[in-house]
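Below, subunit A partners subunit B and then partners subunit C, in two separate complexes.
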Partner chain A sequence: MKIVLIASALLLTLTAGAQTKSTADGIAEYRKMLEDGNPAELYEAKGAALWKRPRGPKNVSLERCDLGLGPGVVKGAWVQMPRWFADTKRVQDLESRLLTCMETLQGFNAAEIAKTSFDRGEQETIEALAAWISSESRGQKFALPQGHAEERRFYELGKRAFFFRGGPMDFSCASCHGVDGKRVRLQDLPNLTKNPGDGIGFAAWPAYRVSSGNLWTMQRRLNDCYRQQRFPFPGYASDVTVALGVYMGVNAKGAESIAPALKR
Partner chain B sequence: MQRKHIVIGTVAVSALVVAAGCASLPSSAELDAQALAMHKASFSERGIAKMDRLDQDLGQKACSSAIPPSPDVAKRIEAEALASIKWPADGKYIGDWREGEKLAQNGRGMSWAERSADPSGNGGSCYNCHQIGKQELSFGNIGPSLYNYGKLRGVKDMADPAAAPIIQYTWGKIWNSKAYAACSDMPRFGHARLLNEDQIRDAMALLLDPKSPVNQ
Partner chain C sequence: MADPMRIRAQAAGDKATVRVLMAHEMETGQRKDSSGKVIPAWHIQDVTAQLNGKTVMTAQWGPAVSKNPFMQFTVKGAKAGDKISITWVDNKGDKRTDEAVVS
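== the complex of A and B ==
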């Protein structure tokens, strides 16, 4: 019911706004209307509870999970990921790291979760956790570490992935997100080769998507970009997705995170 | 299968960690090779979206960087693209603008979610990037406005020999955009079999037919 109302509100705002103001204005206005009622809050509350709840074959909580700032430290972790982790010897984004913690602490099978469809099984757990963990960095500025050689290498690999043209339509990420001021239909496209501004692009995900009525993590956002690029299917938490996260996150240095945001 | 890819990817990265332990980055050429290997390890085929979609041709490879290709390479890409254009055997370039408008509105086709890669089920996605008909307010701006496309180019009678060069150029541009700009953002609708010849005729009519709303 709430979602139907939200969708109609958006539609009305868009329709009414079409002649007199841009859709971006319409969406901004609509967001303002819902400022105290982003449905992502439901995911945040669920995520906060899931973090503390003993779960999995080992019946242990995630409270000792290290997101880069030490075991159990959540505040500020989101705006410094993806980053290098010495225990796995890998650069990991939040979702890749949650897979690690769910496997090592709780005894889940990370590869099984990575194969699970979005919105199903333990993927739902990760969606809620991502909403809560990102919310704990709301208002903080992105500051991904680049001190480790692997973090710098992943930035370089992410840059190459960003400009990689392929598929039947010759698209790369840069086809849509390489310059300022572009749109697909009426959707504004952030320029992700630099800091596109507070709460824009990398600083706006995870987000509750009104059009699909659920919360999308950054992995899901990237997955859908690749679908629209007409590429093959990117593995969940695969290196190409993590490398793109490093590229976009480092470029977004100083941008204020508003995640989990509200999207059309 | 996907799981296998993830495992392979992890092993490949771990092996490189040893080399990357010292502070300097690999050379640019090494990073290029690593990025290619990363793509192969990270993606898997799904439905109609097979792994060969990552195999780049000359133009895709040369246009995969913030730095455009050298003029020599760009010329070669354009020459090969021009040679690839299949002109209509019967000399018939123009179809039905009404069908063309439907194609321009339709953004479907070629993703892993589609059942078939046959062009007959595809749209042209034209409004995603171009203004075309004046009545459609929801248009993108990655490409230039095509409103009044034929009118601005003086096409009053499509059978007039004076209109032939612009008609042929437009066919070529839709068939293989890279013939006229090596790193064009526009898909190669004919060359990549995104649209069939009849569909391209309809898109041509939308742009060039003096009766099309685009030219009012």
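== the complex of A and C ==
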């Protein structure tokens, strides 16, 4: 009898303990267990090699690619994108900039790559490059430039896209990401209208998704957000996706980047 | 040719902790592609760990192991400077060996 009593007392303490632990704690614990073995590292290694390897019809490497801080400068570039590029006269995010470099330097057809589905062909190259390029800015704080008029215009466009409601469910990005403390099933949703904190929201992508077993860039993240809203799919590296990047990135000013992160 | 593994080995006391990330599809053979055809099984079958050329661990893996698997184990008697090498062989006969030095 005594043993049973002790056992049930133990059980009580255990359940009490489990109740005080929130969903977020559980996910944090899961991430902790996996952080030593984030498979994004495999993509980083692949991306670093791809950057230097002569490829494409012109058989040239990407080492002269300008990511905003000068040709070939990778460190710190990720936390200052999307930004205005004078040569293309466009505001570009990392993926759209890589498309430009792959076309002008290596001779690939950017439109063709943009049409390729994720995880196929040259899209895989961009995923690996994004993993490596973002890893080179790990620990740095987001500081998107807003000096150019187009950069400020893109911020306003992104804001409009963020609050734009539509689709069969009349959703907008803001329906889920406009206030604190929302979640989808077990996932806490960051409030992207302000800085959600270090390594959260915009500062956590690109990331390795354990559930799908591949690396997601911000473009893929946004593509899936639109799918979940039942919107038509946005074009890859299209202006609306870049504008949303500017909006989230500027709002995340000062947030520390942990990319490439690990997601459930 | 498969992508390289990431191996880290750290000595603490008379043991070393080895962490390995392998790049592999680990296709189970249970899934179907968009046209309804079964995607053939393709996964790592044998894993061998060697410490300075001497086998210290072998493992047999199957389709239940995740894509891009992570493996961690401890080796008794491994010191800083020792060489750890990991080899995997998959069911198509493809293999890969990578090395790391214990730090």
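The criterion applied here is as follows: the second predicted complex is superposed on the first by the 244 of 264 C-alpha atoms of A that agree within 3 Å, B and C clash if a C-alpha of one lies under 4 Å from a C-alpha of the other, contacts with A are read in each partner's own complex, and residues count from 1 in each chain.
Note that contacts are C-beta pairs under 8 Å (C-beta built on N, C-alpha and C of every residue); 3 or more make two chains touch, one makes a residue touch a chain.
Just so you know, these numbers come straight off a predicted model, no measurement behind them.
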item	value
Fit-or-clash call for subunit B and subunit C when the two complexes are aligned on subunit A	fit
Which superposed partner A:G254 touches (first subunit B, second subunit C, both, neither)	neither
Touching partner for A:G72 - first (subunit B), second (subunit C), both, neither	neither
In the superposition, subunit B vs subunit C on subunit A residues touched	B
Contacts of A:P54 with subunit B and subunit C, given as first, second, both or neither	neither
First, second, both or neither for A:G107, with subunit B first and subunit C second	neither
Which superposed partner A:S175 touches (first subunit B, second subunit C, both, neither)	first
Contacts of A:L42 with subunit B and subunit C, given as first, second, both or neither	second
Which of subunit B and subunit C A:G121 touches, first, second, both or neither	neither
Per-pair minimum CA distance [subunit C against subunit B, superposed on A] in Å	12
Residues of subunit A that lie at the interface with subunit B and also at the interface with subunit C	none
Subunit A-touching residues of subunit B, taken from the complex the two chains share	2-3, 5-7, 9-10, 13-14, 16-17, 20-26, 31-32, 34-35, 38-39, 41-46, 49-51, 53-56, 59-61, 63-66, 110-113, 117, 127-129, 137-142, 178, 185, 187-188, 192-194
Residues on subunit C engaged by subunit A in the complex (per definition of touch)	3-4, 6, 19, 21, 23, 66-68, 70, 72
In the complex, subunit A residues that touch subunit B	18, 23, 89-90, 111, 114-115, 149-150, 152-153, 156-157, 160-161, 163-172, 174-176, 178, 181-187, 193, 227-228, 230-235, 237-241, 243
Complex contact set, residues of subunit A against subunit C	34, 36-39, 41-42, 45-46, 208, 210, 213
